[in-house]
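One chain, subunit A, links the two complexes that follow: it is found with subunit B in the first and with subunit C in the second.
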Partner chain A sequence: MSAAANRKPFDAGRAAYLALNIVLLAFLLAPIAIVIVFALNPTPFISFPPVGVSLRWFEKFFASSDFMNALWLSLWVAACVLVLSVVIGGACALALARGNLPGRTFLTAFFMSPLMLPAILTGLALFQSYLLAGIGRPIWGLIMAHTLIAVPYVLRTTLAVLHNFDHRIEEAAAALGASPARVFFEVTLPLIQPGVFAGGVFAFIVSFDQFPVSLFLVVPKSETLPVVLYNYMKFDLDGAIAAASMVSILLALSVVLAMERLIGLKAYVKL
Partner chain B sequence: MISRRSMLRTGAIAAVATVGAPSILHAQTKTLKITTWGGKWGDIMKATVLPAFEKEFKCTVQADQAFPFMPKLQASPKNDPLYDVFHTNSNEQWSALTEGLVMAKITAKEVPNIADVYPYAVSDKIVGVTIFTSAIGLGYRTDKGIPVPKSWKDLADPKLAGQRGGYLIPVNSLGQCHLMMLGKVYGKGLQDLDAAYKALEQLKPIKLVDFTGQMEKMLLSGEVSEGVIHDSGVLRYEGANRQPVEFCSPTEGVMALEQVLNVTPGSKVKELAFSYIDYMLRPDVQKLLAEAVWYSPANKKVKLSEKYDARLLTTPEKVATLIQPDWKWYNARKDDIDARVTRILKG
Partner chain C sequence: MSKTFDGKVVAVDGVTLDIAAGEFFSLLGPSGCGKTTSLRMIAGFEMPDAGRVHVGGQDITDVPVHRRDMGMVFQSYALFPHRTVVQNVAFGLRMRDVPRADIDRRVAAALAQVALTGMEDRRPSQLSGGQQQRVALARALVIEPRVLLCDEPLGALDRKLRQQMQFELKELQRRLGVTLVFVTHDQEEALAMSDRIAVMNRGRVEQVGAPTEIYGRPRTRFVADFIGEINLLEEAGKPRALRPEKIQLVPPAQARLSGTVETANFLGGATLYRVQAGGRIWLARETHAGERSPRSPGDPVGLAWNDADIVTLES
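Let's turn to the complex of A and B:
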């Protein structure tokens, strides 16, 4: 058979599909490429095209105690939020998915409601509530606020896993003599793990990047990275902002890669 | 000999003292809650100005640099406000006064250094007291072959189409000042809004930003050749950061961008708050901050170094070129103005 006969005919549909994917990828990745260019450009202002390559903005970012304190605080808050939202969101999802909970639909809507309210209003309302309660703006108040926003993500991903959950496996384990705790840790948890972990990744990233809620709840000298960046930008719009963005992107990427190593993203893709 | 009872008593007293000491100490150390700017200003405040104040007045200062200040103050109880000293530009002080969030006037009785400030710092256009001012004029590139501006009208030069910069007027007080100045230059005065709207039409196409910092960067990078800006936004770029950008004080006068301090009526530490304002008006503190960020000091006794003295508003003659807008009048019409300018500059 000749080579010409082996050649596949031009498939317009496949070509259009590929082109659309390339456009979508470019749309998603172009901002990151621009951030990299700005972060490496040595000029004291954000400009294009770049005039050289320099790490001065990364040096400024890592040498600034304001930025570093904010970065560590954001990471610490996000870690706390991850744990809390996984515990609360996972427990809520299990309770809701059992099917015999009174007011199940209402409760699901209630737990999802923080996503329906503009986050800036949630922040303002919490700020006012904290002040009226006389507790000021403690760090745990900020963690609770972030958790409020993050729980729906864990709830949604865990409910998705539980949708096709076969309860007979749990019943079989119980019938074979396993205690409720053992059934949960050895049967239920491994099965819902992908949904819970995926929700946890979302919770971490949502908290780490959280701006509107934090805006009202941070206190002087304990400000999260997005708030510090916003205020910095009002006075100094230089490459340090781009360097900080790069660090944030790399951190988010690290979390996703760590989760991939721990549970494998493919497990989540199956949802 | 130490009895078991006395040992227990001593131990109990020591334990109570250990547990209670921090709170007793905390109760003795007053905390002053203030708002302040970030950037270079914030760096100097945190590194030098505030620690020296804390040491002298044996207090702790909690300085909030996270915007937005006004909604946070509004949301906090009036009898226990989030801030004791409110630092903003003049327009926001007027909004705060309307809601009873700040004091109407501060006098030399409460703040003795007020006796030494220029009249503009406590004029009837000011709520609280001005500690510094900037001059709003025109910034321009010297390498783009454009004529050196002399008048506000020069911004309308057709050669600058797409190369001129302004602000989103609803959110930026420099933009609001510029609009009022257009009324004065093209009409009957600062309050001639019809003339201002007509003149604003003539400035299209114009690049708009919401932060002053963005305008600085647009001028520095050459993205615009001429734009509305305050003198500090141009003059502070020295040495390695110097670019071919200059500042022009138009012949019709410059608008005042005041840094205003005020005290909240519900503050629990009012005396300390007044002391802080007095401290900020001291000649040495004024000189330090003025030379760091190129702001014109409000205290007329301040002697700046030659290079700053040459460019900043440090004499009664130079101060006389300042035009102070009537923010009470402007704020009362702000919603209508915002809607109109948004329609004009849409797209």
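Let's turn to the complex of A and C:
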């Protein structure tokens, strides 16, 4: 049989589909590419086209104590938010899915509401409440605010897992002699764990990238990275910003990859 | 040594069952008849609104599920997907703090019993439906339960495998002498496996008895109609029933009733006829040695039966 006879006819639909995907990917990835270009370009101002490759902006970023303090603070806050939102969001999801609570739909909407409210309003509202309550702007206040916004993510992913959960698996464990506590730790928790942790990854990133809420709740000398970057940009617009963005992206990516290694988020991509 | 066992469940709908020790007892009925709820009350997943559950003379109504010492097998198997076959089977023993060495020995024995040796380290998702069912069975049996409860355990298997598992389950139950309460909507399955059957309908028990009794002497119209095929008659204002195999097809001259064949369903070892006679449809089953019976739709045919085979039903 000749090779020509085997050639597939041109498929316009498939070609359009591929083209659309390429355009979408380009749209999503182009900003990252631009950031990489600016981070490596040695000119003192952000400019195009690049004139060379250097690591000077990375050096500047890592050498700056302002940036480093902010980076550590952001990581620390995000880690606390991860733990808190996993515990709170996971418990909420269990209560909502299992508790037979009255007004479940309302409660679910209520817990999800931080997602719907513009973050800048949440920030402002929290700022005023903290002020009224006279607690000022402590770090734990910032952590609480981030947790408020992060909980819906954990709630969402955990509810999705619980939705497909065969309750009979827990009944089987109970029939085999497992007390309610053991059923929870031996069966329920291991089975919903991937959903909870997938939410935890979102929670970490939401906190690490959080700007509008943080803007109201940080105090000078103790600002998170996005706020420091924002303030820096008001006066300097050099490659250090791009380098900082690169570091943020890589950190977020490594958290996702570490989680995936540790507990296998793959099972969850379908969510 | 003799052990008496009396299971008694009184549900809101007034179900009372006495199940003997070592018995294979089936709850049979259409979906929604209350058979699964009854089973779940025995297991302790549901609390009866009224009535008590007794096992071996002891009231266990207020005993929580995990202290009832009952094995449970579900239609969906409900295996732990994150654990291997061995870990699944060992679960109940681990919950009872059985020493490690004993667990290993008993799990191995249980797996051998259900012919799953060699599958120890597989995950449930790597097993076929029949194998998963065997794991579920081994997991429930390894704890040596006082009662084994099965909720449509074979329902998800295809016909051939289901028949094979029916034999295996029955054989296993007899060998271990375990009391087994089996929920099914499949009347053939119930007839084939049970020592006794309770036929349920709308939350009530219609009849309890041995399979031959249930089939041969149905007490109510529902039981007669639900189990196998039957001709429902009305004689002197009383509902009566006659099984298709009790009707003989004879030449019209010797018949009590003559009519014509409407349809003939060849079933392999038998043919089921629908015969139009005396203003109604009669079902008649004629067994034969595998050869297609010569009668075809439209053929004239006579029906004969013995009056002693007619069962009078409760009205």
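One rule holds for everything that comes next: the second predicted complex is superposed on the first by the 267 of 271 C-alpha atoms of A that agree within 3 Å, B and C clash if a C-alpha of one lies under 4 Å from a C-alpha of the other, contacts with A are read in each partner's own complex, and residues count from 1 in each chain.
Rule of thumb we're sticking to: a contact is a pair of C-beta atoms (placed from the backbone, for glycine too) under 8 Å apart; a residue touches a chain by one contact, two chains touch by 3 or more.
These figures come from a predicted structure and were not determined experimentally.
After superposition onto subunit A, the partners subunit B and subunit C occupy separate space and fit alongside each other.
Annotation: apex subunit A, arms to subunit B and subunit C, angle 160° (C-alpha centres, rounded to a multiple of 10).
Contact with neither subunit B nor subunit C is seen for A:Val53 once the two complexes are overlaid on the shared chain. By the touch criterion defined above, A:Tyr232 lies against subunit B but remains apart from subunit C after alignment on the C-alpha atoms of chain A.
Contact with subunit C, but none with subunit B, is seen for A:Leu191 once the two complexes are overlaid on the shared chain. Set against each other, subunit B and subunit C touch different numbers of residues in subunit A, with B touching more.
In the superposed pair of complexes, A:Arg168 makes contact with subunit C only, with no contact to subunit B. When the two structures are aligned on the shared chain, A:Ala12 is found in touch with neither subunit B nor subunit C. Shortest separation of subunit B and subunit C in the overlay equals 49 Å (C-alpha atoms, whole Å). Against subunit C, in their complex, subunit A makes its touches with residues 166, 168-169, 171-180, 182-183, 186-187, 190-191. By the touch criterion given at the top, residues 37-42, 62-68, 71-72, 75-77, 80, 82, 211-214, 216-217, 220-223, 237, 240-241 of subunit B touch subunit A in their complex. Subunit C makes touch with subunit A in their complex at residues 43-45, 64-72, 74, 76, 78-82, 91-92, 95-96, 136, 139-140, 143, 149.
Residues of subunit A that touch subunit B in their complex: 43-47, 124, 127-128, 131-132, 215-216, 218-221, 223, 227, 230-238.
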